[in-house]
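Structures follow.
Next come two complexes built around chain A: one with chain B, the other with chain C.
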Partner chain A sequence: MVTGRPLGPRAAARGWLERPIRVLGAIWLAVVLLVAWELKFRPGESVFMPPMSAILGAFVQQWFVLDPGQLFVTDHFQTNAVPSLLRLAQGWTIAAAIGIGAGLVLGIWRPALAFLNPLIRFGMSTPSTALLPIVIVVFGITSSMNVALIAMGSTWSVLINTIDGVRSLDPTMINAARSLRLGRSAFFWRVLLPSASPQIFAGLRISLGIALILMVVSELYAATSGIGHVMVFAKTTFRFVDMWSAIVFVGVLGLLLNGLFGLVEARVLRWKLESSRGAGGS
Partner chain B sequence: MTDALLAVDRLSKSYATRAGTIKAIDEISFTVRPGEFLSIVGPSGCGKTTLLMLLAGLLPVSGGTVRVRGLEVRGTPPNMAIVFQDYSRSLFPWLTNERNVALALHGARLSKAEARDRTYKALAEVGLTGFERIYPWQLSGGMQQRVAIARALVVSPEVLLMDEPFASVDAQTRATLEDLLLEVWRQSKTTIVFVTHDIDEAVYLSDRVVVLSKGPSHVVTEIQDELPRPRDQIVTKEEPLFAKLRGEVFGLVMGARRHAAEERRS
Partner chain C sequence: MTPLLSAAGVTAAILVWAAVTVAGVVPAQTLPGPAPVAARILTLLTDREFYEQFLDTLTTWVLALGITGVVAVPVGLLIGYFAFLRRPTELVIHGLRSVPSTALLPVAILFFGLGLQMKFAMVAYAIIWPLLLNTAYGVRSVDPTAMYVARSLRWSTPRSLVGVVLPSAAPGIASGFRIAGGIGLVVVLSAELLGASRGIGTVLVRYQQSDQPDFVYAGIVLVGALGILLQYTLGQLELRLIPWSPAAR
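Here is the complex of A and B:
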């Protein structure tokens, strides 16, 4: 996905070499592995392991098309990736809303936390995939089932981190805020929430990864559409190239989501990133 | 007593710990006149910061009263402002300098323009014009403490409480900030209660120095500081009276420490 920027012949040698070298340093291992795969698994070598060129070819061809009318995606994308992405978005949004909302309440209101803490520890420690059978029974093979599992599994890290973020508010900051006679709402919006936000974001980032896992897992077992469904269906019909192409799709999706999240985080938490980088001087 | 702006009367503070009740402050009484610069010094660990938190209404008292203009302090009153020692934790890193200062005006119900004017004026008073739109952590420590002072000044407080405000900056910056504070004090005519462990600093700045004993702390004595004003880092510190006062306070602080050690031994 790296696009070289056109450079004039008189561009300073250092300037135009620096970036490609950095990019090369970051991706050389991936390139080596892809080439090794290609050389090892020639066509016909293994049924399960098609050549990398075939996988990447299928990946591009199955999911994307050069047609603006189709928004550059295939029907295969529309019928399988779109439902998956919707489930992921819904489930993760629910998890974020519940995790942040309940986390703020529990972080501020200590008695409630003491009361609910054992339950939270239990919920957090239970692998969410273990809930899959019961969620299927309750919701049936529906998108709500996938959404419910994603939401249930990815709430915990947001919840725990939000509680922790609220509770780790610096006592000096509390005193400073009190000495400024901030009202409840000003204290919440101007002090408590910004102070907790780095940890809330940490929780959201972890939960995004969990949500992606649960999206795939829940679709592997119970779905009539979606990326996970494509994987299982391809496997059972011995179309392993298609299976691999779906795996590549999920991998790329994970990378993209993480990248997008990082962009948002860098914007919202600019003060945090830059102040900790410059810390140490007097 | 009627002319006191701040009156502290038999103020006590105890903490309950697992080992029993620990008395940190034992019946401290003193008054501060309007416009006065009062310093509080004492051996380290004598509860100076605790005392300041009590004066600010940020800690509940165990006994006695703190009154500002006759009204008992419960929570920081609107005519009081505080500068904390640790600027890195009393300023909010997610707010620009301007917004940090303006936050003090939050409850004042001012128009946007007026709040902005007062904020810029307060930052100008501490010499930070041009630094309004950047963040505190982009400034040096001394400049960050200037932001904290501006945030205190912006509400035009009658009483300004300062808790070892210059303890975390280097010596040169400290001298500059001391003189800045004296200038701000002269212009604003505010009353300052200044907690410090630095005896030179207390003598250099104050009208009066209150010496506390080692904990449980009580007032050992008060010393009038009649060094001529305006004060100057070189001229004032070369005055024989400066040396005399410095020696006197030093003796009292060390005496307080020795006294406490003897008490423990007996």
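Here is the complex of A and C:
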């Protein structure tokens, strides 16, 4: 979001009060909900639902320590969060590579798209979790199983978006490139890829959310380590605070990844924001 | 030309599949050939028990999409309409949305057991966020002129919400439903694979555990067909119900 509001002297004078009010206006509902949870679920009220303060306390204590030698994370983090994060990173990278690569080819080469279209539709519509029984037979209970499921499930949105991005290229751009006698590779790198990139990023963002879901599902289904494994283990041993702490961990992870992605996207697509604002240079 | 190529693509895929299994590149236990899978598809389609499980999955999906939609659309309209609600609700929605629904599966099982209620709760949690967000974004696409007209006609807030805001937001709501439909199917299946007592997912797990991969593949093909069918139905509904949507043009 680019606001670009000029800061006049009056705005600066009001500024010190305006900011806290704006922040308050944005967070009040979240605060109300957290407090309501805390008040509703006092200790002993429900075994399944510990008070929010206990959950957040356990969350911080279980996953983080104040020790630079440990990189500020606990052993619990090392043994359970790191494998999950690695699976997520591998699966999503594979999905992004295949999705963008194949999407570019299919977007440019129409007959190939027509050839593969029904298969893509089928793959896209098949709920990826249905593949769990297969990947587990193929890979066994290994990290490759989780990675394979994540990759298979999150490729589609990248693929579809890349194809759409390439195909929605403005014909004027093609004509302009032709009249400039732009070579094939220059056309690809300087016209096609940039014009498709906003939609590719939209696809990548959706696939990141899907990848996170699939990471958890595949670990709940079968894994010997990972955040999903922690959840199942905590639940079966009736340690519900630990289970909630793992849930909060995944939620925070989701927020962080989304935020990071937004930053990268804003950086890579900076030229687009600038050109739509009509301001050249940086 | 295009349909011909598409048919050729499907045929080629099946031929490659057959060639791979006949050549024995992968063991039949991992990937059975197309012929046995096709035979199993027929077996499943005529199997009464499979039909009931199939219906259970479909019922959960329809109920969840319908009931969540009835709740989410009005709330989304209000969130989008009243500016002071937008930022606080968006913060909460983005926070809750980033907890993958599947992470709450253990909690859902504790609360609702293994039946339809649990699956319903899982799907509702997963799809309410895209429905709310898409409705609220849809509200923003309301033409300001239309709002001025409503105001100058002295329409009350509820009346302009139903008469002006809802129709303008409808295409956004429809795309929310399309996204929710896809996610919903994934989540129903997850819940069924991970513990629910009924549904297609439970059938898949049973066949996997009894080492009958041909049935597993047949089931997956049918689930994929269901997915295509449901997306097609949602698309058709959109065309019928909101002919002014860009998708209808």
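Following the convention adopted for this analysis, the second predicted complex is superposed on the first by the 260 of 282 C-alpha atoms of A that agree within 3 Å, B and C clash if a C-alpha of one lies under 4 Å from a C-alpha of the other, contacts with A are read in each partner's own complex, and residues count from 1 in each chain.
Quick note on the criterion: a residue touches a chain if its C-beta (ideal position, glycine included) is under 8 Å from a C-beta of that chain, and two chains touch if they have at least 3 such contacts.
This is a predicted model, so every value here is computed, not measured.
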item	value
Superposed model, chain A: greater residue contact from chain B or chain C	C
Chain B versus chain C as contact partner of A:Gln70, first or second or both or neither	neither
Touched partner set for A:Thr79, first chain B, second chain C, both or neither	neither
Contacts of A:Ser168 with chain B and chain C, given as first, second, both or neither	neither
First (chain B), second (chain C), both or neither touched by A:Thr129	second
First, second, both or neither for A:Trp271, with chain B first and chain C second	first
Contacts of A:Leu182 with chain B and chain C, given as first, second, both or neither	first
Chain B versus chain C as contact partner of A:Pro194, first or second or both or neither	first
Chain B contact footprint on chain A (complex, rising order)	170, 172-173, 175-176, 178-183, 186, 190-191, 194-195, 197, 271-272, 274-275, 278-279, 281-282
Interface residues, chain A side, partner chain C - complex	25-30, 33, 48, 111, 114-119, 121-134, 136-138, 153, 209, 212-213, 216-217, 220-221, 227-228, 231-232, 234-235, 240, 243, 246-248, 250-255, 258
Footprint of chain A on chain B - complex, ascending	53, 56, 58, 75-76, 78, 80-82, 84, 86, 89-95, 103-104, 106-107, 135, 137-138, 140-141, 151, 168-170
Contacting residues of chain C [partner chain A, same complex]	1-2, 5-6, 8-10, 12-13, 29-30, 84, 87-89, 91-92, 94-107, 110-111, 182, 185-186, 188-190, 193-194, 200-201, 204-205, 207-208, 213, 216-217, 219-220, 223-224, 227-228, 230-231
